[in-house]
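These notes open a run of structures that come right after.
Each of the two complexes below includes chain A, the first together with chain B, the second together with chain C.
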Partner chain A sequence: MRSEKANRAPLGLKIAAAVGLAFMHLPILLIFLYAFTTEEKSYQFPPPGLTTQWFAVAWDRPDVWAALTLSVKVAAIATAAALVLGTLCAAAVSQTRFFGRETVSLLVILPIALPGIITGIALRSAFSMADIPFSFWTIVLGHATFCIVVVYNNAVARFRRISGSLIEASMDLGADGFQTFRYVILPNIGTALLAGGMLAFALSFDEVIVTTFTAGQQSTLPIWMLEELIRPRQRPVTNVVAMVVVIVTFLPILGAYYLTRDGDQIAGAGK
Partner chain B sequence: MTTAVLFDNVSRYFGAVRAVDRVNLKIAEGEFFAMLGPSGSGKTTCLRLMAGFEQPTGGHIEIFGETAEGVPPYRRSVNTVFQDYALFPHLSILENVAYGLMVKGIGREERRKAAEDALAMVKLPGYGTRRPGQLSGGQRQRVALARALVNKPKVLLLDEPLGALDLKLREQMQEELKSLQRSLGITFVFVTHDQGEALSMADRVAVFNEGRIQQLGSPEEVYNRPKTRFVADFVGSSNVLSADLCRKLGLKASFASLRPEAVAIAPPSDGALSLSGTVASQSFLGATNRVVIDVEGARIAVASPAARGVPPIGSPVTLSFAPSDLHPMEDA
Partner chain C sequence: MTIVAESIILPERRSTAGRLSDFFWRHPHVLLAILLGPPLLWLGLVYLGSLFALLLQSFFSIDEFSGLINYEFTLATYRQLLTDANLDIILRTVTMAALVTLVSAVIAFPIAYYAARYARGKWKALFYLAVMLPLWSSYLVKVYAWKLILAKEGILTWFFEKLNLLWLLDAWLALPLVGGNSLSVSYTGTFIVFVYVWMPFMILPIQAALERVPQNLIEASSDLGGTPAQTFRYVLFPLALPGIVAGSIFTFSLTLGDYIIPQIVGSSRLFIGQAVYAQQGTAGNIPLAAAFTVVPIVIMGAYLWMAKRMGAFDAL
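Our next item is the complex of A and B:
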């Protein structure tokens, strides 16, 4: 029988865990810290003084607002498209049997396994070949490729738990396909879709690589931040925006975690 | 008499598997009809063909005179009680029962009343606010029944509805289903693998094996005069007499069936047939003793009243039975 002491982690392991956590999270804390620095040209440590003036400056900068609005619009539309297409895909793969079903299932998940740069190059050359000008919509298309996967993975896990006889029972009681979807399927997969949608939104919101290849003149928020780092002007504004991005993407992921923690894995959360 | 369900040479193949193979049946309005058979015999596929979840590969189906092929389940005046009940887990019991009325667009107050009446009919009044997960198996079964009956179907299909219940509950539900069917006058089509259930509840029984109907008739007919060896074996446990024994008894058939309870261990009286053999084994079953007699290598089971006493194993005995209890069978 083990003593209680043996179940406690040894000191070495505790230190290792602490170092690991610090390694992952200290840089983020530094970003937060420099949002308050009084020095605008370079990041010197420790900051010479603290101020909240950059929040007001960021608020008044029209380029910040343009980038933020674009990012929110892209994420919202890509997520909406992914919710529709991902759910339909999941329904087809989990509720019916057809030739090549496993292959389709794999192909749907592939975009998230592929490096973003491949997806980006592929989309870029496809757009040029089809003579599609780079615009807001090409960014949305690029983001939808990986948003669909996230929604699909969440929906397919839930679909597997709905017994086939529930759908048959609904049809048997007089509900047509649409009513069955509305009254039986949707209530049962609702939280999975919400979780998938939140994750998709968060993924789209901070996406850089695919966006670089599919955007024209517009800058989404992450692209704007990249440009700001290259030419320093009111540098801490970038940090203020970074804080906003962290909050905007972290909250949906936390929400998705709580919605699906009873049984469903949040597949694809790691991209 | 109106025909409720008509199967004209209906087949359903799944690839090379003939789940249902050229089945003909005619179920009358108001009848309690049982489809009996082992698993994989095609009885459930027949039920799904009636419900509209399967389409026939060949043949023709009519429900109350209307062609059923191509009609989706939601446009058939047929409702099903599923084997796993298939209650909607996200809805309350009342919402479950009222589901069929809700999708038909019937007003909230009217459907609430109808659902409560249906719950009262299956003896679950006041359970409307609970969730399916809070009910026992027997209660869920009643909810499934209420949910189907509230739609006033012309035919109610029941897919092994008592399979998951314990013995006592099962016997109680058998009686209730039977009296419910009598009072409502709805045609019930019942799928089961339990021969006792089929014989005790149904007006007529169709015995299925390998996608085909082996015999269709009243419970008495199927039990007393099995047409094939399969029926003799599956429905109860008739003795199957070989061609040799049949010839010896003066019967021109390749096989004949003889029920254990039709045989007496006694010298034959006038006009009775007799066989002689030795006692091979015996077991006490309560009201009767099951005695197996070895007759020239063939084994014949006899259900002998317990009060009679049993001759010891190995002793010679004479068996007697009325000629009318010996039923010739098809060679199958």
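Our next item is the complex of A and C:
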């Protein structure tokens, strides 16, 4: 029996952990405050006044809407591609033994382990060598490449937990491979795939480094923001967009957490 | 006789799907090829292919007069890479990455330690979410938040003013190297933003390593007369080290390749990422840009090899 005292954290540790968490969260909260400021020309703190007029201004901006739609489209298609490829890869790696299994898992992780700028410039020079013009599809291609790993990680973790005897039982009872997949495997991995898909969507929706290399004239929402960051023109609109982006990316992360919280594997470990 | 027996044990299925799945059952290699084919084609051909094509380009050179790429094998581009100005960029980036990693570990450790050892039940879930949300929230928004904070008219200056410590901020900014006109155009600013953006990646690997330390090891250490400081130094820290190294792979690699943060918050001196970006964009010197990307690949290769020897991959 451990005493009650031994289980209590030392004060210094509590303070250090609390300060660390505050450091992680306060800057994001500040974004919410700035979305309401009346100040247009600078980042003045404290804000001279509060207003909700910038939400209406941002709502009426066609360029923001165009960037948002493009981002959602790219993220949706990249996520779909990553779901198919990541699940196939996870099934092969976890259900079978073959020569070079380790290499395959390394290959899947590589696009995210190497700095994004390398992936970006490699794809860009490959496009220009192959005379492929930049388009919607070149952005999707880049995004799907690094989204595969997120789906793969979630699916592999779940595949490991499906006991092999379940699949054998299904086969013994006369189901063919497709029925086993439809009625036994899919219900088991469904939530993991959904979680992986949500994280892949969040990752793609937010990606900027690879996108700067694979996008032509089009701008996704992060590219739009990057331009505003380098040359601020409409600070109030940027503040509102930043706040919306925070909310839009929080929802899939919370969703993915609730779908995988009972799992032994952490959904987003290693972005 | 055997045919009858076989057809009783393995009756032929009628439907196409049934036959197909029987075929896969008898030829698992075909199924494996179908499963692995599409992802391997995508990653192996598209991704690795373009990566190799890029590395190949670093052995070409650019014609100084026409600005066209000269497709002949040469090491001239690497000679160009090793000039003083470029070595300066490399050294600056590696130093920054090392410092960011070190400070990230110091900030992340108490959070991971508390979450692994003391947080229970609801608190544990809350801690996990509190780490995951900033980790996954938008990179650009995080950088933008710091642009607001570090601006001359921003919250940090206001805070120092309220505490009557403005002289301290000014004294820091007056320092050579780390100072500047304001925090948002100084190395200090770049450093803070790097730490903020990449530090969350450090927490979960450390937490995973700490959770694997058995409680009775710590009790044994104190039973044997170790003070908490000694227990930490000789028991806990060595066991957590693989987790720290695993986390440092992210912080180090991500800082090494970043080109957006130093562009938005920082002085005009370049980092590797910015050099790559400038060489391929405005300068149009793809071979030199390619040679520059070899630097982080080599550094990360060496780093990963070292991390593997320390057993960091088990903590991932």
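Note that in this section the second predicted complex is superposed on the first by the 243 of 271 C-alpha atoms of A that agree within 3 Å, B and C clash if a C-alpha of one lies under 4 Å from a C-alpha of the other, contacts with A are read in each partner's own complex, and residues count from 1 in each chain.
Note that a residue touches a chain if its C-beta (ideal position, glycine included) is under 8 Å from a C-beta of that chain, and two chains touch if they have at least 3 such contacts.
Since we're looking at a predicted model, the values are computed, not measured.
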Touched partner set for A:135, first chain B, second chain C, both or neither: neither
Chain B versus chain C as contact partner of A:176, first or second or both or neither: both
Which of chain B and chain C A:168 touches, first, second, both or neither: first
Touching partner for A:234 - first (chain B), second (chain C), both, neither: neither
Contacts of A:187 with chain B and chain C, given as first, second, both or neither: first
Greater chain A contact set [chain C / chain B]: C
Contacts of A:51 with chain B and chain C, given as first, second, both or neither: neither
Shared chain A contacts, counted only where both chain B and chain C touch the same residue: 176, 179
Residues of chain A that touch chain B when the two form their complex: 163, 165-166, 168-176, 179, 183-184, 187-188
Chain C-facing residues of chain A, complex: 7-10, 13-14, 16-17, 20-21, 23-25, 27-28, 30-31, 34, 42-46, 84-86, 88-89, 91-92, 96, 98, 104, 107-108, 110-111, 113-119, 121-126, 129, 141, 144-145, 148, 176-179, 199, 202-203, 206, 208-209, 222, 225-226, 229-230, 238, 242, 245-246, 249-250, 253-254, 257, 261, 266, 268-271
Complex interface listing, chain B residues touching chain A: 51-53, 72-74, 78-80, 82-84, 86-90, 99-100, 102-104, 147-148, 151
Chain C residues touching chain A - in the complex, by the definition given at the top: 13, 15, 17-18, 20-22, 24-25, 28, 31-32, 35-36, 38-40, 42-44, 46-51, 53-54, 57, 107-108, 110-111, 113-115, 117-118, 125, 128-149, 151, 153-155, 157-158, 196, 199-201, 204, 208, 228, 249-250, 253-254, 256-260, 263-264, 273, 276-277, 280, 286, 289-290, 293, 296-297, 300, 304, 316
